[in-house]
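By written order: A, B, C and D. Residues from 1 in each chain.
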Amino acid sequence: MTLTGEEIAKHNSKESCWVIVHGKAYDVTEFLPEHPGGPRIILKYAGKDATEEYEPIHPPDTLDKYLPKEKHLGDVNMDTVEQDEKADDPEEQERQERIKYMPILDQCFNLMDFEAVARRVMKKTAWAYYSSGADDEITMRENHSAYHKIWFRPRVLVDVKNIDFSTTMLGTKVDIPFYVTATALGKLGHPEGECVLTRGAHKHNVIQMIPTLASCSFDEIVDARRDPQTQWMQLYVNSNREITKNIVQHAEKRGIKGLFITVDAPQLGRREKDMRSKFDDTGSNVQNSGGDNVDRSQGAARAISSFIDPSLSWKDIPWFKSITKMPIILKGVQRVEDVLLAISHGVQGVVLSNHGGRQLDTARSGIEVLAEVMPELRRLGMDKQIEIYVDGGVRRATDIIKALCLGAKGVGIGRPFLYAMSAYGLDGVNKAMQLLKDEMEMNMRLIGCTSVDQLTPDMVDTRALSSHNTGVPQDTLGLNVYDPLSGPQPQATKERSKL
Amino acid sequence: MTLTGEEIAKHNSKESCWVIVHGKAYDVTEFLPEHPGGPRIILKYAGKDATEEYEPIHPPDTLDKYLPKEKHLGDVNMDTVEQDEKADDPEEQERQERIKYMPILDQCFNLMDFEAVARRVMKKTAWAYYSSGADDEITMRENHSAYHKIWFRPRVLVDVKNIDFSTTMLGTKVDIPFYVTATALGKLGHPEGECVLTRGAHKHNVIQMIPTLASCSFDEIVDARRDPQTQWMQLYVNSNREITKNIVQHAEKRGIKGLFITVDAPQLGRREKDMRSKFDDTGSNVQNSGGDNVDRSQGAARAISSFIDPSLSWKDIPWFKSITKMPIILKGVQRVEDVLLAISHGVQGVVLSNHGGRQLDTARSGIEVLAEVMPELRRLGMDKQIEIYVDGGVRRATDIIKALCLGAKGVGIGRPFLYAMSAYGLDGVNKAMQLLKDEMEMNMRLIGCTSVDQLTPDMVDTRALSSHNTGVPQDTLGLNVYDPLSGPQPQATKERSKL
Amino acid sequence: MTLTGEEIAKHNSKESCWVIVHGKAYDVTEFLPEHPGGPRIILKYAGKDATEEYEPIHPPDTLDKYLPKEKHLGDVNMDTVEQDEKADDPEEQERQERIKYMPILDQCFNLMDFEAVARRVMKKTAWAYYSSGADDEITMRENHSAYHKIWFRPRVLVDVKNIDFSTTMLGTKVDIPFYVTATALGKLGHPEGECVLTRGAHKHNVIQMIPTLASCSFDEIVDARRDPQTQWMQLYVNSNREITKNIVQHAEKRGIKGLFITVDAPQLGRREKDMRSKFDDTGSNVQNSGGDNVDRSQGAARAISSFIDPSLSWKDIPWFKSITKMPIILKGVQRVEDVLLAISHGVQGVVLSNHGGRQLDTARSGIEVLAEVMPELRRLGMDKQIEIYVDGGVRRATDIIKALCLGAKGVGIGRPFLYAMSAYGLDGVNKAMQLLKDEMEMNMRLIGCTSVDQLTPDMVDTRALSSHNTGVPQDTLGLNVYDPLSGPQPQATKERSKL
Amino acid sequence: MTLTGEEIAKHNSKESCWVIVHGKAYDVTEFLPEHPGGPRIILKYAGKDATEEYEPIHPPDTLDKYLPKEKHLGDVNMDTVEQDEKADDPEEQERQERIKYMPILDQCFNLMDFEAVARRVMKKTAWAYYSSGADDEITMRENHSAYHKIWFRPRVLVDVKNIDFSTTMLGTKVDIPFYVTATALGKLGHPEGECVLTRGAHKHNVIQMIPTLASCSFDEIVDARRDPQTQWMQLYVNSNREITKNIVQHAEKRGIKGLFITVDAPQLGRREKDMRSKFDDTGSNVQNSGGDNVDRSQGAARAISSFIDPSLSWKDIPWFKSITKMPIILKGVQRVEDVLLAISHGVQGVVLSNHGGRQLDTARSGIEVLAEVMPELRRLGMDKQIEIYVDGGVRRATDIIKALCLGAKGVGIGRPFLYAMSAYGLDGVNKAMQLLKDEMEMNMRLIGCTSVDQLTPDMVDTRALSSHNTGVPQDTLGLNVYDPLSGPQPQATKERSKL
């Protein structure tokens, strides 16, 4: 039997809450309090079609997995469902206007340009999810600015006619020393989600790391692969190890070449920009609530935060080694002591990372940690025993080169490709990767190195890297009374002021 | 006999000055020159009802204590008193408008948010009193920004399923390692004053420190306690030691568990924002006055600054130990030499503090002093002989964690709760404390520690902490001629500019 | 015979140029090319009354000294001289409007406040002369901000009831350790010029240093003294040593107690703000001129720059000692090597100074040089052999205290008193000095010192003092795409945006 | 036979593309794909007169050299060619307006002032080419701001009456220790191009370095020389060494006194400001293009980037020594190791340079490299074996003095003279050089040195020079809630706000 919109519309309250997703109705009344993203966001769609909101932040099989069969109410005659009127949302109208006149792809000359465009053409909540970081977003920004504390010591008069910046990562030959790191919820940016990145990675012969929290299903992303193409998998470890085992062994079977276990997110971070954006979207007609009755409408980040085991520890590493032959890499290591532990636990690699600044604020940048790690590994003669990767804040080929000079095997890049994809789809991703290759070729020449093995610590000056200066707060009064110098003024000004 | 408003209105000058407070009339003519806040502020209300202005900055028993009985003129028939017309004060009207549309509590995601709201809804003079600091307010701001010079070195792969961030302070078990530090004049922010904080502290099981300069009387605040609940007392020492003795022994009798003697305020600081705000309120119709005849209308800060003994010294400590069994803690210590003196004088604790940046400008932040103190104490094997607290600038759970990593037993938080209370009352205070707990739980997980004893110096990188860089003054001309890079521009701009 | 305005007006060109000053006419045709300030500024007044422009930048006896008697044409009937119409100068009208509503003196709470007022009520050219510095004015600003790199290490629990911050300078007992340093052209700010400062210094019992380039004559300033009052004299050394000898010996006869020989100005600095202001005033109707024919209209600074001997050297010091018994102090020393030379030449003191940032840009601040000088003197056991003063950038009592902690005997303060005088006359100067005394008393208490001899190096943390960090230039693109966090928004905004 | 505009206008497409340059027609259809600046810029002028665009960026003999004779179609009757209508370009109209009221030359008081004027009166694309740098332009700006990290330690009481700041460079006596360094495409700024600089250099007796990529031909620039005048030549080395040999030997024959081989540009840099400006000029009516089909419209920089041999290496140095007797100097050395290599290869000099920040971003400033190089050379006793020059960011005489104190023989200055020339022609260049001489004389006096050999390392404090601090990213929320101090407000404001 097919349900009608009218019938569903009656179930529009906490007491009885039905929603439509992809043409089917579901009774989520009892599920409301358990929803990781909080009940409010569901109640906004009580009695209505929630597909658009639901789509990008839930993998395809979510409802099957988590909602009992008897709550699946069956097909809906969509002709009978009232369409939400968006026409009168001035914010959305402005966004459509911006899309209409958006810059063409040729106007993007670097990775920041994609971000500039994406910020203006993405939906506000999607932008907030991608662009937000933990607390004051200090670490998120430090990730990039840390690279500006490293300066080059280029060599000259080296024959740089032929440049080869290919390398290998975990045994895979790649064109350029970066990989597409795992980022969640790709469909917030593009209807085809992570598969767009798969295609871009193939074209440029770089590795894609598949996220656990993809909008596409794992198999969809693997199916998008065009061999020979290498994919890795990022893993959030479920408390139920059986589930984890299935995921890992399925991945190995599907040809995944590296297992990147996330270790910096025992709990998903608070990202206030994301929370505030979500609040704005849903909260405006709700009147207050005391301190006792906090509604945790915490944005997209929290909506996907369940099912991560906070008790994961070093003791679990042998078990992972027992269930898979894939190389194991720990993603999110942040101090040299833990790199040494990783080596002693026999893993193949670590990613020095703070999760894009989305977890712990004022955690140090990966590149700063790298500068702490490598001298110690070299001192101990252990620098060949493990592959060290770094991610966070990489925007320029010079950043990649700096990381390699300091000893990284390669760098992960995430958000920039999401922005390129959100703004221009596959063309954008391809352009972004091409720009990095163009920059890479030029900058390898300019520092006087023809291959990545020539990128050594003496090519950079890192003395400032661990400075974390906030500056003395300014004396406002003194600044206000200072009369700044001005340059020559047009004569017209003077003439006119005398009229 | 009941007085009439008409009669009182005649005494509206320096020569004869009567005022009404809480329905009673007082002759303050002779008191004018002695008023700590200066005569001008009283003269503004000469012949009028001063209750609203008087209320928040005078403890309930002030008039009884300081004005001779014969100047108490008796009850006033308030029906005969003309009401001040405020309707035409555009500033107040705008404030009322802002209150009407103020953000709801759910929109506050961190402690700064309460401050943002309070700034817009508080009376200007009340805001100025709470938010002001000494001189250029450099220390006040440094207090918070100093925390940004400390960066984390988190551990990963630690089982952080169960987190316990409770601790003990002076023997009291508390839920989270902060206490509500003493701040004056709570009724400037909320009609129920400090008692609101008492209730919040109870709910979240943290300790409240009762200020000497509360708007509520000491007993009112103690009466608001719901046992088991611990309170401490902050003490300004009166020149008349008998008064001080009575205060201290009364406090001990009422169950106070710690005596925090303020040692950083032999004289109350000059806070120009406060002074200027007070001037604006009273000074606009007064015409000049030479350098000789300075009217010291110095804001709320000075209005309460009498009765503090500037001769208090180390020699007085034994006397305090002789009159009470409460633990004695020195609040406002600012160098390691004085911490050693404190230990040798046998006190139980010190608070490394600069009084919220309200006393001596360019004094170092408490957290910076902590980083100077603890290594020296450890070197001398004295770090267990005393409890070290720190206050000033704490706004995030990460700040609390940093202080504990460096060796603090706990941190004091003051202004943020005042702002939360001023904006949202008890709900605000509860929400603020809950936010800190939420942040605390997450951030303990993210640095890989499950209890406060695991918070050790190796968890943080403090190399930048004592940098006080002002930066080279900028070359304005050079900056002005630099043509900054811009990103891709919408096509529309170009098209339109050609029309 | 009395001349008429009509007659004089005919001599209005380079070929024949007469001007009126104080009711007398002068033929300056031949003097034009020699005028230190350039001919253009005189030609502006050719055939007219130049008194107003002439007055503040020439000492009273200038014309007698430098213009041959036969060029003194005699009295003018001023009734016959056309008055310049200023009514239609919109800039001047705006200034008069600003003066009308200027803040009253009670609104000034610190020394910066006088500057803020002066900037708005002074004539533009006068403001430019006082406020300008060399080149990019980097040193000028660094002078003050250097103090913000010094942080206090205050002592607590010291009996600070009685504070005495008096001291002695070159044997004179003063109330507070600052003196009024020499600044030129006082009548640009006030019609009574430097004598106003004499009166203020007397009232507050501090020493005034009389400038060579005063607007008042030396004797006028000495005559304004009310004994017991101490004055010093600042000296620009004339190439003609006979003139210098007369000046020095006359000063000694008139009771001057210290001879401060300026050693940092062999040539007066280029101050572009001053030059540009002067240009704007005179240049607007002049059409161009090639690179060959540069008219050096270089502002007030250059107008007074003659008669300074650039060949002055260490060899001249014995001669100075031979002509006077006054203590000799070298003003403008900037490195420790030269302090040692000064000691070996037997002078009584040095002022570590960069001339208020008006001479050599990116010269170090006096306070930074002091921190270089004193440890070396102490190491050599020479710190008692000379009195070290410092000037430049002192705006707060905390600045004075810092200088004394580092070893200075006292500090010179110049511009702030000029601004106070320009805005409010003697009342302003008195208020400014009183504010410093008030701040001084409080801050002595707050650092726990009761007399100036207790101000020792351990009271301050100077580790950052010699940092000259410019910061990495910002990545504009990255900053532009960053979406800064915002706080809670008023509900109204949202509601209204939906209308 | 003379061609008509009508006829040419038919060949306006990719399929058949004719253009007019200086009254002659050329068939460039087949050349389109080879054009270093990309085909799009040519297609914009297909069928039209391209002279104005072509002129400044191609040396006079370009067409003869690179386009086969049979594509030279012969003379055009220019009366038959339609003139482009510019009248309706609002940007150009605004520029003409700005030129009309541009400041007169006397309003320029320093080198930055010329840049300020040039920015407003130059064509946007010309400005973009001159003013742009690599990537984020961090190095470009650091070049100047690095000088602000060096502070003076001036000597006083030195007889500085007579100052001599002349010096010798590669044996040539010059008035002041700077030379006009090579910059490309002078006709973008002035119709007479580099010859203007030749004349200015002659007048002020400084050396001009002739650029390979001049708008004028090499011989034109040499012909503009008025002996005795010294010129050097900057060389981009062609892959075809025969061409290079001819250029070098021709130069030697024409009296060039130094051969500066550029070693920091094996590939010309990406300058996004330039690329974006070029795009804006040509790209607005082109609709998109995928990532595959990138049109590399890369601005003027790329348009001239062919013919540079990226395989140039140390092995080529002996060959250069074999073909010329001119001193050989390597321009663009950036680390001490390469200076040592230069010495061992027997060259006469190096220029520590990063190509004006136009090549590798976050390369260190020349002045910073100098501070690394000289102590090492002195340690090895090799500092007399080579002449060290530095360029980049020099804007003030103090900058020149700092470089000499650190050990440079002289400094190169490029852009400032281009800006002076673009704004004011030869008069501007002369004025700019005169300003540097004026500043030089004064600042030599002020640091107490009478000749350049007295400029020694102890005259400067360089401790901060290698700091590359980015500062901790600011906590926006905290900054936003801070209520900055304000100064005294005019009474009027208050009064009016009460109306």
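Basically, a contact is a pair of C-beta atoms (placed from the backbone, for glycine too) under 8 Å apart; a residue touches a chain by one contact, two chains touch by 3 or more.
Predicted model, so just to flag it, every value in this text is computed and none were measured.
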Q | Result of counting contacting C-beta pairs for B-D and A-B, higher pair | A | A-B
**Q.** Type of chain A:chain D copy interface by residue overlap (half), same or different
**A.** different
Q: Determine the centre-to-centre distance between chain B and chain D, using the mean Cα coordinates as centres, and give it in whole Å.
A: 57
Q | Whole-Å gap separating chain A and chain B, where each centre is the average of the chain's CA atoms | A | 40
Q. If you look at chain D, which of its residues touch at least two other chains?
A. 104, 107, 109-110, 112-113, 116, 136-138, 141, 145, 148-149, 272, 276, 467-472, 475-478, 480-481, 485-489, 491, 495
Q. Where on chain A is chain B touching in the complex?
A. 98, 100-104, 107-109, 112-113, 116-117, 120, 135-136, 138, 263-267, 269-270, 272, 275-276, 279, 283, 286-292, 294-295, 297, 309-314, 316-317, 330, 332-335, 337-338, 341, 359-364, 466-473, 475-478, 484-487
Q) Once bound in the complex, which stretches of chain D touch chain B? A) 90-91, 110, 112-113, 115-116, 119, 127, 131, 136-137, 141, 144-145, 148-149, 272-273, 276, 280, 284, 395, 469, 472, 475, 477-478, 480-483, 485-486, 488-489, 491, 494-495, 497-498
Q.
Per the contact definition, I'd like the list of chain B residues that touch chain A in the complex.
A. 104-107, 109-110, 136-138, 140-142, 145-161, 396, 398, 424, 426-431, 434, 438-439, 441-443, 445-447, 461, 463-464, 467-471, 476-477, 480-481, 487-493, 495
